[in-house]
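Here come two complexes built around chain A, the first alongside chain B, the second alongside chain C.
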Partner chain A sequence: MITRFFDRHQRWLFPAPAVIFIVVMMIFPLGFTLWNSFSGWSLTAGRPNTFIGPQNYVDMMRDARFWNAVLNTFYFTALAMVIELALGVAMALLIDAKDYPGKRVVTSLLLLPMMATPVAVAMVWLLMFEPTAGVINFVFGQIGLPKQLWIAGSSSVIPSLVLVDVWEWTPLITLIVLAGLAGLPSEPFEAARVDGASYWQTLWRVTLPMLLPTISVAGLLRFIDCIKTFDIIYGMTGGGPGFSSETLNIYTYNQAFYYFNFGYASSLLVIFFTIVTGVSLLVAYSRRRLEV
Partner chain B sequence: MASVSTTRSRRRSRRILVNVLYAIAMIAVVFFMLTPFLWMVLNAFKSPLQIIKLPPELIFEPTMRNFQNVFGTQNFMRYITNSLIIGAGCTLVGLLIGLPAAYSIARFGQNRLAIVILMARMVPGITFLVPLFIIFRTLGLIDTYTSLILTHMLVGLPFIVWVMVPFFESIPRELTEAAVVDGASAVRAFVSVVLPLSGPGIVTAAILSFVFSWNNFMFSIVLASSRTRTVPVAIYNFISYAQIDWGGLMAAAVVITLPVLVLAIVTQRYVIRGLTAGAIKG
Partner chain C sequence: MKQLRKLLLLLLLLSLVAGCAAPVSAPAPSAGEAPAAGEMPYAGVTLRLVGANHPWQVAITPLLADFEAQTGIKVNFEALGEDQLNQKLTTEFTAGNSDIDVFMQRPLQEARVMQLNGWYEDLTNCVSDPDYDFADFADGAVGTTTVNGVLTGVPIVTEQEVLYYRKDLLEAAGLEVPKTLDELKAAAEILTDRDNEMYGFVARGQRSPLVTQFSSFLYSMGGDWFDENRQATINTPEALAAIDLYGTLLREYGPPGVLNMSWPQAVAIFAQGNAALYTDASSIYSNMLDPEKSAVADKTGVAVFPAGPAGSIMYNVTSWGLSMHSGSRNKEAACEFIKWATSKEIVSKTQGEGAVPGARESVWASPAGSAAFPADWVEAVAASANGRGYDRPLVIAVTQARDIIGGAVTVAIEGGDYVAAANDANAQFQALLDSEQ
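What follows is the complex of A and B.
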C-alpha cells in the first residue's frame, strides 16, 4: 500500500525533505527579513520590534557609511574580478601550451589556495603584510621599492585584500578554463594552422572567442562569491582601518551582530540581496541575448 | 646550404628561449601559489623572536612550542572534534535530503526546484544568517550542533545538488525502468540501482560539502560559542589578544589547513570535477 502510494507520488515525495529544508531555512528567513526591514527593532537602542514603515530605507539613503560600503563592495569586486579573470585565463593558456613531466602536479597545486581554510590563510597574509616585521615589506626594501602600509593604509587596504582574493581564487578560473580548453573541438585549430596563422592570431581569433562562454560562466561564479567576500576581509581588517574596507557584507554584519540593530540590518540585507540577484540575472540574461 | 643551417639554428635557439621563458613563468606561478603555505609552515616552527627577525631565517632550529601551545593551552583538539561533528553532520544530512532531490530534478526535469536550491549558492549567506540568528535565539538553539549543522547545510546542499544532477542525468533511465518492471518500487530502484552507480558523484559531493563546512567562518562565528566553537573561529580568536602570538597563530593555521589540503590532493580528481561542474556545459 505505502509503496504503491510512494510510487504514484514520487515526483514530489523524493524532493520533499529538501523542499521542507528550503522553506524553513531559506524562504521563511527571507520573508522574515523583508518583514523586519520595516521594523525599528534594535537591542542596543532598546527599541522593540514595531512596524515603522519604510523609515529604515529612508535612513539608509542618508547613511554615509552605507554608501561607503556600496562603493567599497563594487571597488573590491571589480578589481578582483578583472585581475582574476585576466590572470586565470593567462595561467590556463600557459599550462595548456606545453606538455612536460610533472604537469599534473602543477594542476593539483592549483587546488591548494582555494581549498585552504580562508581564515587561516588570512592570518598568514596578515603576518606577511605586517608593516615592520612582514616579509613583503622586507623584500620591497631589498629591491629598492618604498615600503607600503598594505592593509593598515586606508587607500592600500582594498588592493591588498584583492591580492589575497586573487591568490585564493584565480586558480578556480584557471581550472574552469583548462576544462573548457580540453573540451574545444580540434578542427578550427587545424584550419588555422593550415592557413598559416601564428600563435597569437590563433589565440585571439580562435581560442579566446571559443572560450568566451566558459570564461563568462567563470566570471559569473566569481562575481557571486566576490561580492559577498567575508572571511578574508573580516579576518584581516574587520572593515578597517576606519571604514575603508567595510563592504556591504561587513557593514550588515556589524549592524546585526555588533550594534544588534536587527531592523536596520534587515533593510540592508534586502538591498544587498536585490543587488546580487539583479546583477546575476542581468548577466544570465545578457549571456542568453548574446548567445555566447 | 649555409643559410639553411643558420635558419635552423636560429629556429632552435628561438625554441630554447621560448622554453626558458615558459619555465620561468611556470616557476613564478608555482612560487606565488606556494609562498603563503611555505611562510605558514616556517613560522609555525619559530620562536617569537625568530619570527620578527629580519632578514627572515630560512634555516633555523625549529621549536615545537607553538604546537604544544595550540594543543595544550588552547585545547585545539576540542575545536577539531566540533568541526568534524558539524562537517560530518552537515554532509550526511545534506546527502540524505539532497540525493533524492537531485535524482528527482534529473528524472522529472524539475528545473524550478533546481534554481531555488542553487539560489542558496548565489544569495549572500548573511541574508539567511541574520533572520536565522533571531529564530535560533528564540528557540534556544544558539551554540548547538543543530543550528550549526543546519546553517552549514545552506552551503553544502547546493554543492551536492550542483554535482549530482548532471551525474544522475547521465545514468540511463532504462536501468531504473527495468528494475521497476521487475517489480521494484521507486525507492528500491533508486537505492539499489541508481545509488550504487553514483559512487564517484557522491564522493565528489561529500568532499565539497565537508570542506566548505570545515572552512566556514561566518555562520560559525555568530552561532558557535564555548560549546561548539569550530576551528576557523578558534584561530580567529588568536588575534583578539593585544599581543598577537604569531607562532601559535601559524601553528594553528597549519593544523587547520593540513587536513583539507591532504584531502584535496588525495581526491583531486573528484574535487576538480566538482568545482568546475556546471561551468563547462555553459
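What follows is the complex of A and C.
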C-alpha cells in the first residue's frame, strides 16, 4: 500500500526535503522580514508587528544615521575591494611567474589568514592597534614615524579596518586568480612571444583580458562579503568612535538587538538586501556582456 | 498477512503510548515520598536563573548549595556577559514560552522596556513577609526598581560615581585631592606628561558606556537629561559646559585612543600607573586597589566626586536587581529563592565577605557590612548617599538615548564642534522623548 503510494508520487516526494528546507530556511525568513519591514514592531515602543505601511522607509530617508551608515558601508567596501583586487592579482602573477622550489608551500601559507576566525583576528588586531601599548605604534616609534590613532580616530578608523580585511582576504583573490591562470591556454602566450611582445604588453593585452572573468568572479565574491562585513567591525570598534565606522550591518544590528525596533531594523535589512542583490546582478550582467 | 500487519500496528501504538507515559509516571514516587512537605514544599523543583558575570554572581554561587540543602530546590545559574544577558533575555522573552524563572537585570537600563512588555512578575506580594523586612532596603534603591507601581526586582547591587586618584603623584606635585571640578582640571593639567606616557585624567570615551559616568559631571554642572515637562536639556548652557569639560579633560589630559575605552580599558591604563585621576563607578574599585590586579594598589585613593557650580551631585543607583519572569512555572519557589538571596543573612555574606555593595541599610550599619571595603572607599560611598537615583535618562529606549547623547560627547572629546553636535543630539533626544509620551 505504502509502496504504491511512493511509486505514484516519486516525482515530488524525492525533491520534497530540499524544497521544504529552502522554503523554511530561506523563503520564509525573507518573507517574514519583508512583512516586518512594513510593521511598527518595537519592544521599546510597545508596538506589536501590525501593518503600518511604508512608514519605516519614509523615516529611513530622514535618518541621518542611516545615510552615514550607507556612506561608511560603501567607503569600506570600495577601499577594501580596490586594494584586495590589486594586491591579490599582483600576488598571483608574482607567484605564477616562475617555477621555483617551495611554490606549493607559498600557496598553502596564503591560506592561513583565511582559516583564522574573524573574531579572533579582530581581537589580535585590536591589541596591535592599541595606541599606547600596541605593537604597531611601538614599531612606528622605533623607526621614527609619528604614532597613529588607528581605530581610535574617526578619520583613520575605516582605513584601519580595511587593513585588517585586506590582511585576511587578499589571499582569497590570489588563490582564485592562481586557479584562473592555471586554466589559461598556452597558445596566445606563445603567439605573443613570437610576435615579440614585451612582458608588460603580454600582461595588459593577453593575460589580464583572459583573466577578466575570473577576476570578476573573485571581485563579486569579495564584494558580497565586504559589504556584509560584521565580525571584524563589531569586534574591534562596535561602530565607533562615535558613529565613524557604523556600517549598515552594524546599524541594523543596533536597531534590532539594542533598540529592539524590529520593524525598522527589518526595513534596513530589506534595503541592504536590495543593494547586495542589485550590485550582484549588475556584475553578473556585465560579465555576460564581457564574455561575448 | 493483514492480521500480522494489524498486530504490528497495535504493538507500535502500544510502544508509543508507553513511551509517552514513562516520564509522566517517573516523578510520582518522589512526590509520594515527601513526608516533610511542610518544611520543604518545593523540594524537587528546578529553578532556571539567568544572570551576568558579575561579582554578585561570584559571591552567591558558593552559597547556592546551602539554599538547595535547606529547600530541596535545585538552582541552575547561567552567567553571561552584560550585553549578551540583555539579548538573551529579550530574545527568549519575545519568542515566548521561556522557562527562565529568575533573572538578574539592570533596572535603569532595561526595567522600563521589560515592564512595558509585561515580562516581570510584580514582587510586591513576594517581599511582604515581615520576617524578610523589605523596609530595610534603601528607599532610593527600591524606587529605582519600581516602575509604574510594579516592583520589578529586589535591589542587589548599588553603586556611585567616585574619584580614584594617585596619592603619590598628587603629593609629589604638592596638590590636594581635587574637591571641585576646577581643581580636577587644574590637577589633570599639571600631572599630564605625554612624553612619558603619563596622563592626568582618564575616563570612559566610548559612545554608549561613557554616558553613565558623564552623568555626574552633567548634574554637578547644574544640568540634567530633560526637565519636568519632558523637554530635552542636552544643549542648555550647563549641559554644554559639562560636555566641554568632559571632552577637554579627555582630549587634553587623557590617553590616546580614549574614544575606544569603556571601563576595562580605562582601568587598565590607571592600574598600569599611566593615569593620575579617574572617575568611574565605586563598584569597580578592586581593579585598582587589589595588588593582584593593579600595579598602583598601595598608591590609589578614593574620594567623593568633585563639586561643580551646582555642588557635588553624583549618581547613586541600583545597578542590579533580582527579578522574576512573569512566565515562570515555579513562581512560589522563585519567590523563595529571591527572598533567600536578598535576606539579611545572605546580603551580609555577599557584602561583608564577597565585597558586593548591597542595598540593605541594616547591613551597612553593622561593622561587618563595611569590613570588606577600604576605609576611604566607605567614606566616599557614604558621602554619596544623597546622589541622584539615575545615571542615564529614565526613558524606555535607553540604549538609543545613550547613543544619541554619547555621540555628542565623543565629538567634544575629538575636539569637534560640540555645540552643533549637542543641538543635533537635543533634537533627536526630544523626538525620542515625544515618541514615548
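Quick note on the criterion: the second predicted complex is superposed on the first by the 276 of 292 C-alpha atoms of A that agree within 3 Å, B and C clash if a C-alpha of one lies under 4 Å from a C-alpha of the other, contacts with A are read in each partner's own complex, and residues count from 1 in each chain.
By our rule, a residue touches a chain if its C-beta (ideal position, glycine included) is under 8 Å from a C-beta of that chain, and two chains touch if they have at least 3 such contacts.
These numbers come from a predicted model, not from an experiment.
Student: Where does A:A97 make contact in the superposed view: on chain B (first), on chain C (second), on both, or on neither?
Tutor: A:A97 contacts chain B only, not chain C.
Student: In the overlaid three-chain picture, which partner chain does A:L208 touch, first (chain B) or second (chain C), both, or neither?
Tutor: Neither chain B nor chain C is touched by A:L208.
Student: Could you tell me if A:F257 is touching chain B, chain C, both of them or neither one (first, second, both, neither)?
Tutor: A:F257: touches chain B and chain C.
Student: Contact-wise, after the overlay, does A:G242 reach chain B, chain C, both or neither (first, second, both, neither)?
Tutor: second
Student: Pick one for A:L145: touches chain B only (first), chain C only (second), both, or neither.
Tutor: In the superposition, A:L145 touches no partner, neither chain B nor chain C.
Student: Please work out whether A:P17 is in contact with chain B alone, chain C alone, both, or neither, and reply first, second, both or neither.
Tutor: So A:P17 only meets chain B here.
Student: With both complexes superposed on chain A, which partner does A:G183 reach: first (chain B), second (chain C), both or neither?
Tutor: Only chain B is touched by A:G183; chain C is not.
Student: Touch check for A:D7: first (chain B), second (chain C), both, or neither?
Tutor: Only chain B is touched by A:D7; chain C is not.
Student: Going by the contact rule stated at the top, is it chain B or chain C that touches a larger number of residues on chain A?
Tutor: B
Student: In the superposed view, which residues of chain A touch chain B and also chain C?
Tutor: Shared contact residues on chain A (touching chain B in one complex, chain C in the other): 132, 257.
Student: Of all residues in chain C, which touch chain A in the complex?
Tutor: 87, 90, 94, 113, 116-117, 197, 205-207, 255-260, 269, 274, 396-397, 399-400, 403, 407, 410-411, 414, 435-436
Student: Going by the contact rule set out above, which residues of chain A touch chain C in the complex?
Tutor: Counting only chain A, the residues touching chain C are 43-46, 130-132, 147, 149-154, 237-243, 254, 257-260.
Student: Spell out the part of chain A that touches chain B in their complex, as residue ranges.
Tutor: 3, 6-7, 10-11, 14-15, 17-19, 21-22, 25-26, 28-30, 32-33, 36, 91, 94-95, 97-98, 106-121, 123-128, 132-133, 135, 138, 142, 167, 171-172, 175-176, 179-180, 183, 213-214, 217-218, 221, 224, 227-228, 230-231, 234-235, 249, 252-253, 256-257, 262, 265-266, 269, 272-273, 276-277, 280
Student: Would you mind writing out the residues of chain B in touch with chain A in their complex?
Tutor: Per the stated touch rule, the residues are 19, 22, 25-26, 29-30, 32-34, 36-37, 39-40, 43, 51-52, 54-56, 96-98, 100-101, 103-105, 107-108, 110, 113, 116-117, 119-135, 150-151, 153-154, 157, 161, 185-187, 190, 211, 214-215, 217-218, 222, 231-232, 235-236, 238-239, 246, 249-250, 252-253, 256-257, 260-261, 263-265, 268, 271-272, 275-276, 278-280, 282.
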